[in-house]
Each structure stands twice: as structure tokens, then as C-alpha cells.
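You will see chain A twice below: alongside chain B first, and alongside chain C after that.
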Partner chain A sequence: MAVLDQLIELTADGVVYSSIIVLGSIGLSLIYSIAGFANFAHGDTMTVGAYSTLVFFGILGGTSISVLGLPLSFFLALLSGIAVTAVVALVTERFVYKPLDIGSIGLLITSIGVAFVYRALIQIQFSADSRRYDIDRLRPIEWLLQYNIRMTEHDIAIIASAIVLVVGLHLLLQHTDLGRKMRATADNPSLARASGIRVRRIELWTWIIGAGLAGAGGAFLGLFNQLVPRMGFNLLLVIFAAVILGGIGSVYGAMLGAFLIGMVVQLTPILTSIGIPIGSEYARALAFLIMVVVLLVRPQGIAGEAVGGGG
Partner chain B sequence: MSDASDATGGKADTTEQQGGESAGQQGNESAGQQGGESAGQQGNESAGEQATIPDDAVLELESVDSGYGEVQVLYDLTMHLRGEEIICLIGPNGAGKSTVLKTAFGMLTPWTGSVRYHGEDIGGMAPEDIVRKGIGYVPQTENVFGSLTIDENLRMGGTARDDDLGPILEQLYDRFPLLQDKRREKARNLSGGQRQVLALARALVMEPDVLLIDEPSAGLAPNTADEVFADVRTVNDMDTAIMMVEQNAVKGLEISDRGYVLDQGTVRFEDQADDLLDNDEVVELYLGG
Partner chain C sequence: MADVSTLTDPRGYWGDLTSEERGVAGFLAAAVLVLLALMLTGVLNPTYFLFLFGLGGMFGLMSLGLNAQWGYTGLINFSVAAFFGLGAYGAAIMTASNSPIAGDMNPIFGLVLGLILSAIVAIAIGIPTLRLRADYLAIASLGLAEVVRLIILNEGQWTAGSQGLRGIPAFFEGWPVLSTLPETLPQVNIEVIPGRVVTLGFPFWRQLLNVTLVLTFMAGAYLVLRRAHRSPWGRVLRTIRADEDLAKALGKNTYFFKMQSFVLGCLVMALAGVFFAHLQLFVNPGNLDPTTTFYVWVAVILGGAGSNRGALFGGFVVVAIREGPRFIEQLPPAFLTEFPPGFLRDLAFITDDVLFELPSIAISPGPLQLLLVGLLIVLIMRFRPEGMLPPQRELIWPDAVDENVRKRPDSGVREQRGGDGDE
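What follows is the complex of A and B.
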């Protein structure tokens, strides 16, 4: 029975953690599919979102009205933080990635440098010490405790926000003109141009959306844990694993991969409880092991297209 | 259709139609002279003199050098397309046939010479702008959005249209019923021939005046290729002029009004399609006769 209790508790944590990983993975996948390189600055882009939100929340202060234990001003700060993150990504794209004509490997390495710059600037401004949003920590929700689910209203807010953003992105991709053009451009940029799509505009929108979601993920990560300059970078490998597991360039694959990887990472402690001597310090190793096994069976990832099978 | 172009093209043809050995020389020389003379002038007058570029040409490439990066593929190439005609570019692999289309469509910028559409220089203009002028392009491979549905593919083709896409889509679905049946399916699930039809239809959403088609029969079984050629013919009947590259030279010429034989990046022969098919030298060198 103790194992079951632990399972429920870890699952609850896993869903919250996965929500954050999902937000990070979508952006990485979107940007990969349009810009054509693995953006190693994506984790630190999340950090930018977390700290921007911190700054705006500091300016706005708390409000008496709150939703799910979060002052309304926090949501306002979150939106502002998302906007700043998008702008930072756009500026980086315009003045660093775009002018460089060095291929995908060159851009990948450049993005590692960009990651260092983001992190260093944040550290200069905010120091390496951990920070918190000035919001009272909450006790787990009472009525959920009777089912052994330890979840705060903040956790619910993170999950709900992630669902809203994911559903919103889905509607955008499937039912709007911009979304169709984003998919068309990711699928075949040269045919997109031949069809009259202004590909540059689509690229910029993709950066805005990808970085915006990462910014939201970062802010939620700060709420879930705390803010440190390495917070996003620490997640980067897990996010890469999620994107690769889901199928590189597939947004829906990234969502699924992120959810799976997030759950695996959070559920690992259960193994010790059922007698398998793999401690939680191996959580990430286990996540990567699962990724490798899946890729051995299905090299294109869960939702990816078989190589050469695309149009 | 072919009657009209015969009538208007009569003057141009007589100079070219020497037959036998001299046809090759003639073609070469006139292309060369054309390039030399017109370099300093504006194209249309000199074209009149030479009868190489007639006044009713909608698309003209004049003395074009072009290529990829440092590698030159086209050398002093001059050719034209009149309204309402189909021309076919044939020639061995590496002759530069696809490069002609890419240069005309702005995917490559001409190094020298000019590309004109209704007299306007469009050389090096971006493809997304050229589409808006009224030129469509169907690439040889990867010519549909595999992860999009048929309907979405066609909608993408209409990106540059300001009006409601409904009527033109219905018209295209009527013309190509197999697309209608599969409009909600992903394009990657289509067979090779169906893909080619979709690729054609995607370009037609703009109702272009000129359509550039790269190897419509590539990789298709003979029957399917014939169907695609028939579709190309139908498109032409909708008042769209077509410049087509085709590896299957005989079939390509059979549905065309005129033809150009390219070799090593320049025009070797240009003539009425029927006459090219009857030209012993062309047959021997380029049609595997």
C-alpha cells in the first residue's frame, strides 16, 4: 500500500514536471523544424522567461485578488515575461543566428555560446543565489489529500496553464492560416516560397511562439522549484531527450515525448520501493535509456516520419 | 491552340527550319548573335530583328548565364515562351534544363542576361514575388507538402490570392476528382501519379499565366505518366502557357508546340516540336534514335 501511495504522489509531481517539460520541448521542436538547428540556448531561454517574470512581478507587486493561489498580477507578470522572452529570442535570431551563414552545426555551437551569454547576464544581474517569486507557499489541497494526492493550487495552475497553451497552439497550428503556413514551411521551405508564403515572416512567428512557450515553461519552473541561473540549462538535456523521443521536428511528438520523459524522471524513485536498486539519482539516465531503446525500435521517434517517407 | 501558335510562330520557324546539319549551327549561331547584339540594347527591338524572341513572348530568357554557387550551368542561353503555348526543354542529364526553370522562377539569380515576364525584368526576384506576378512552378521532387492534407496543400498554393479560395478550389476539385475524394488525407499517402496531379493543382490555384513544370513524368509508370501528360495538356487549354522540362523527350515533345534541345547549358536546337521529332540529328543525338 505504501508503494501505491508513493506512486500516486510521484505521479502528481510527474504531471506538473511534465507540463513544464512539454512547454520547453514544443519550442525546441518548432525552432528546429523551421530554423534547422538544435538550439542549445533554448534551456536558458526558459531561464530568461523565469527571471523576466520575476522582475515584472516585483514591479507589479501582489494583488488581493488571486486565482489558484496566484495573485492576478503574477499572471500579468507572466505574460510580460513571455513577451520579453520572445523579444530576446527575436533579437538573437536577427543579430546572431540569421547573419551567420554557417550551417546547422555551426549554429548549434553558436547557440551554446548564446546560452552562456544569457546565463552570464542573468547571473551578473541576479547573482547565482536562488530566488523565489514573492508568493506564499501553499499547503496541498485538502480534499485531494484523502486520495493521497499532494498537490497545491500552484501545481494545478501550472498544469492548467500548460493545457491552455498546448490547446491554443494546437488550434493555431491546425485551424489558422498562420498555423498552416508554419506547418507548410517546416515541411518544405522551398515549396512554401514557390507557393507564395513569406517564409521569413513565418520564421519570425515561429521564434516568437517557440520562445514564448519556453518563457512560460521557465516561469512555471520557477514557481515549481525556485529560480537559479542554471535552471533552464539543467533541463535542456531532458528536453532534448523528449524532442528526440517524440520525433525531431514533430510538435505533437515533442508533447508526447516530453510527457513520457517527465513522468519517467519523476517516477524513478518508485523502483527502489519495489526492490529494484536504481535510485532517483539515475532518473535522467533512465530517461535517456528509455529514449535509446525506443529509438532502436523506431529510429524516427514516436511521432516522427520515417526517413524518406515524407513528402 | 497549336494552330494559333503556328500562325504567330511562322516567322520565327522559317529561319530555324533548315533541317539536317545546319539546324544545329543555326540554332547556336542565332543564340550567340542574339546575346552579343542585345547586350547593350533593350531586348524587345533586337528580338524583333532576330526573330528569336517574338513580340508576343510572355516569358523570355535572354543571354542568360546562371548556375549554383561557383558552378556555372547555363551559358548565354536565350529562349522564350509565348502565351498559350507549351514548350518542352529536352537534353541530356546535366544540360541545365532544371536550371533554366529555377533561374526563371527566381530560385537562382541570373549571373548575366535577363529574365523578362511581359517585358518586366524579373531576374533574381524572390519566388514568392514571382508567384504573385503570375508564374507558377512545379518542382520535380518534393513538390507537395507531405504532412499537410490535400485541401491544405491547395490552400497553401493560394497563399497569394486575396479573394476567397472556395470557387477556385471547387473548380480544381471538379477538374481533378481524385483530389476531391482525398481532400482530408495527408499528401504523403498519395501515390506518385496522384502526387504529381496535386503538385500541378497546387500551382494552379493561383491561375498562373505561365507554369514551369520540372519533369512531370519522373518516376512514374508509363500509364500514369500519360495521364499526367494529359493533365498538363488540359492545364494548357485553360490558357496557361507551359514551359516544361522532360526526360522522356519524345512524350514531352508530342504534347508540346515547340521544343528546345539543351546541351551543356546552351540551346542546341529550337524548333516546332513536330519538326524536332523529325530532325534526324536531334533524333540520333538526343532522342536515342
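What follows is the complex of A and C.
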């Protein structure tokens, strides 16, 4: 029975954590499929989102009206943070990645440099100390506690916002002109160009959407834990694991992979309880091993469409 | 050949160099002069200088190892820090005074354990990852390096966990003459500027011994790798890098060659780790931080993929970037309180304001290092993706060089072998 209680408790945490990973993974997968390289700066893009939200929230201050324990101004700051992250990504794309002519591996290496620059600038401005949003921490919601679920209203807000963003992206991809063009471009850039799609414009939109989602993920990560300059870099590999598990280039695969990897990371303590001697300190290691196994056994991931193009 | 012709015909040797090589040589000469001047005037502590030089050699070694993987074969190995750490921990487990399983043994055993550990792990990581596409290999190796770090951090019964291993002896401890050599050497005082005596005593000699060790490791690794690179084996690796399908079509078992290149490179990285353990005299899991991996990558990219000389050069530049900010941070107070009374304070533009302001400009060294390395990566990839010293003649057997076409290709080759019909 104790194991079941623990399972419920960890699952609740896992759902929140997975929501954050989902937001990071979608962006990474989108950029991977359209820009054609593994963007190692994606984790630090999330950090940019977290810190710009921090700055805007500091400017706006708290408001009396709050939704789910979060002042309304936080959501405003979040939107501004998302916008800043998208702009940062666009500027980087325009002035760093675009002028390069060195293939996907060169872009990959360049993105590491970009990641370092983001992180260094944030650390110079905000120091390496951890920070929090100026929002009171909440106690778990009472009526959920009777089911052994420990969730705060903030956790609910993270999950709800992630769902809104994911559903929004789904509608965008399936039911708008831009979405169709994005899917076409990801599928086959040359064909898309030949059929009159302005591929360059689609690329820019992909960066905006991918970085924006990452920014939101970073802001929620700051709410879930705290803000440190390394937060995004530390999450990067978990996100890669999620994207690879789901299948690179597939947005829906990334969502599923992110959910599974997030759960694995958060549910690892259960292994000790049921007698498998792998402690929670190896949660991340477990995620990476799953990633390597997936690469070996099923490199196209769960959502396995045919692999091709990509890099 | 280079060594001989440098001595017998220095001017001709200089004339043979490409403009890049001249630039790098000039840069190195200037750097050495500046450092020597700083040392003789007492601004830079000679023992600290040797320590930095040791670090440079260590990064040079790691770059050589990575070059054997990325430069020769095109393997994107993002687990450099893990193999460096395995070498360091192999050495530390055998020799540290608080080692949970062995300890207080002769450093030679540590060297052997470090190399064996890294070879085993290299094969274990290589088996699953070397079949993967290039960018997948990058991600997978970074993930597995993190697994290695987590194991070293959490398996305290072998590694003493986060507190690290202490009391590691110097590498030459227990050797016949070398173990006591630093104590027996006399103290030397050098006085270039009157009143500023630079003393070279026991710590200096001990550090000099360390530098000798890393130079030996470097020379050994350099010679082996250069020989390997020029051999038929090395040519297969170069073919794999250029076009793996072609190598397969020629009947080469590319997976096997990639594995050999991977293990060879990892052994060299572990050697750097062994040296580090005996330089720093303690190790902890922080030494496996993935950032080290990317510093080594910068060194190799900066030097030029495939170029051993470039890798060594890059290693030293990276140490300058890593330690420079730390040095600059320390510099203004010391520099301004001790140095300027003579001549700097007389300069019109150095007012008390400036003196007061200077130290506060200094950004803490950690993020500044990161910023410089990040910018360096972006700038190299943008303006000189082939690096500063891309391999040219060093890939060719000296005997195979046709003396009549010694000149650079744009003059010699076309004149001699004209008539191909192309522009």
C-alpha cells in the first residue's frame, strides 16, 4: 500500500515535470526537423525564457487578482518572456546560424557556442545564485490530499498552461495555413519550395514557435524549482532523450516521448521501493540509457515515420 | 625533417611555412616573451606559470586525443570529460590516501588502472554509439558521459563520492632519483628589476618536474598519433571521415576502425587525467563537468580538425582563456598597488578615479570564461571553420614529397604538372 501511495505522489510530480519537458521537446523537435541540426542551445533558450519572465514580473509587480495562486501579472510577464525568447532566437538565427555554410555538424557545434554565450550573459547579469519568482509558495490543495495527491495550484497552472499551448500548437499545425506549410516544409523542403511556399518565412516561424514554447517551459521550470543559470543546460539532455524517444522531427512523438521520459525521471524512486536497487540519483542516467537503447533499436523513435532527410 | 631543417636552414624553413603557420609562430613567440617578461618582473609567479603550463599541456593532450577521433575519423565524441575523469580517478583510486579500495600505491599502478578503466569504458560506450549517425553519436556520448559522472558521484564505496579523493602523491613519488630531486636542487634568486627578487625554490622545481612529465606524455602521444595518422591505418580513418560508404565499398570494416580510433583517443584523454590527478593532488566528481568537454572541442576546432600541431596549440590557447579571466580579476589590485608608482601613475590619463574604477570592471571569472569560449566557437565557425592550422603537409610522408614541387600548390604543382586542362 505504501508503494501505491508513493506511486500516486510521484505520478503527480511526474505530470508537472513532464509538462515542462513537453514544452522544451516540441521546440527542439521542430527546429531539428526544419533547421536540420541538433540545437544544443535549446536548453539555454529555456533559461532565457525563465529569466526574462523574472525581469518582467519584477517590473510589473504582483497584482491583487490571481488565477490558480499566480497573480495575473505573472501571466503577462510570461507572455513577455515568451516574446523575448522568440526574439533572441530570431536574432541568433539571423546573425549566427544563417550566415554559416558548414553543414549540420558545424551548426551543432556552433549552437554549443551560442548556448555558452546565453548562459554566460545570464550569469553575468544575475549571478550564479538561485532565484525565485516573488510569489508565495503554496500548500498542496486540500481536497486532493485525501487521495494522496500533493499538488499545489501552481502545479495545476503549469499543467493547464502546457495543455493550452500544446492544443494551440496542434490546432495551428492541423488547421491553419501556416501549420500546413510548416508540415510540408519539415517533410520535404525542396518540394515545399517548388510548390510556392516561402520556405525562409516558414523557417523563421518555426524558430519563433519553438523558442517561444521553450521560453514558456523555462518559466514554468523556474516556478516548479527555481532559477539558476544552468537550469536549461541541465535539462537539455533529458529533452534530447525525450525527442529521440518520440522520434526526431515528429511533434506528436516529441510530446509522447517527453511525457514518458518525464515520468521515468520522476518515478525512479519507486524502483527502490519495489526492490530494484537503483536510487533516484540515477533518474537522469536511466533517461539517457533509454535514449541510447532507442537510438540502437528504433532510431526513428516511437512515432516512427520513415527516417530520412533530417540532417 | 622539420627538426633538422630548422637547425640547418632556419631561413629556408621559415620561407617554407604557410602564412597561417607564420602567424601562429609569431603569436606564440610574442606570448612567450610577454610571459617571460611578466615572470622576470615578478608580476607572474614562476611556479604558478609552470602550473598553467602544465594545464596547457594537459589540455593539449586531451585535444590530441579528441583530434584522433574527430580530426582523423570524424567521430563526434562529447564524452571527453568522462575519459579525462576516468584517468584521474584511476590514478587517484590507486594512490590517494583516503581511497576506499586501494590507496597509497605507486603512481605507476594508478597510470595503468586509469588507462585500463578508460579503455574498458571506451569500448563499452563505443559498442552502442559508434554505429549511430554523427549527430546521434554526439547526443548519446554526452548522455553516457553524464552516466559515468553520476556513477563516480554516487558510488562512494569506490570513489569517496562528492568529497573526492585526497592525498594523491606527486607522480614521481617512490622513483629512484626523481622523487627527491626537487628538494635537493638549490634555491635560485633572480633579480632583474632592482628590489624585485624572483625566487625559484622547491615548489618551482617540483612544478618543473610536473611540466617535464606532461611534456613527456605529450611528446609520446604526439609521435604515436602522427605515426598512426600517416600510416595506412590513418589513411583508412581519413577515408571514413570523408566518406564512410566509400571506405565500406573498399572492403574496410569501418566500425572496427572507428572503434580503434575511439579507444586510442580515449586513452590519450585518460593520460591527461592521470597527469591532472598528480598535478592537483586531489580529484572530485566536479572534474567530470561536461564543460571541460567543450573546452577541448574549442581547442581542436581552433587548431584545425586533423592537425596534431593545431590541437596542441589550441590546448594552450584554451588554458589562456580559462585562466586569463581569473588572472585579470586578480591583476588590477596587485598591479595597481605595486606596479604603477614607477611610471604608470605619471601618465596623465591614469587618475585616481581610474585606479578606483578598474577592479570593479572585472566580471567574475566563471561567466567570462564561458562567454569567451562561446564567442570563440561562434567566431571560428563563422570565419574560419577549418581552424588556424589546418593539416597540410603534415599528412604526407616526408619521403613522398617531390623535391621539385616543394613550393605551395598554387605555384609548384601547376607549373610542374600543367596540362590538366582545368583553370
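A few comments on the model shown:
By our rule, the second predicted complex is superposed on the first by the 300 of 311 C-alpha atoms of A that agree within 3 Å, B and C clash if a C-alpha of one lies under 4 Å from a C-alpha of the other, contacts with A are read in each partner's own complex, and residues count from 1 in each chain.
In this section, contacts are C-beta pairs under 8 Å (C-beta built on N, C-alpha and C of every residue); 3 or more make two chains touch, one makes a residue touch a chain.
Please read these numbers as outputs of a predicted model, since none were measured by experiment.
Aligning the shared chain A places chain B and chain C next to each other free of steric conflict. Using the contact criterion defined above for the overlaid structures, shared-chain residue A:199 touches chain B, although it does not reach chain C. Once the two complexes are overlaid on the shared chain, A:240 sits against chain C while remaining clear of chain B. Of the two partner chains placed by superposition, A:207 touches none, neither chain B nor chain C. After superposition on the shared chain, chain A has more residues touched by C, the comparison being chain B against chain C. Touch criterion not met for A:224: it reaches neither chain B nor chain C.
Measuring from the middle, so to speak, at the Cα centre of chain A, the directions to chain B and chain C differ by 90 degrees in steps of 10. Contacts of A:191 after superposition on the shared chain: chain B is touched, whereas chain C is not.
When the two structures are aligned on the shared chain, A:181 is found in touch with chain B, with no touch to chain C. Legend: residue contacts after superposition of the two complexes on their common chain; A:279 is shown touching chain C, with no touch to chain B. After superposing the two complexes on chain A, the shortest C-alpha to C-alpha distance between chain B and chain C comes to 11 Å. Shared interface residues of chain A, touching chain B in one complex and chain C in the other, are 311.
Residue ranges of chain A in contact with chain B, taken from their complex: 180-181, 183-184, 186-188, 190-199, 305, 309-311. The residues of chain A lying in touch with chain C in their complex are 37-38, 96, 99-100, 102, 104-106, 108-110, 112-121, 123-124, 127-128, 229, 237, 240-241, 244, 279, 281-282, 284-285, 288-289, 291-293, 295-296, 299, 311. Chain contact summary for the complex, chain B toward chain A: residues 105, 107, 126-128, 131-132, 136-137, 139, 142-148, 152, 155-157, 159-160, 186-188, 195, 202-203, 206. The touching residues of chain C, when paired with chain A in their complex, are 76, 128-129, 131-136, 138-140, 142-144, 146-147, 150-151, 153-154, 294, 297, 301, 363-364, 366-371, 373-378, 381-382, 385.
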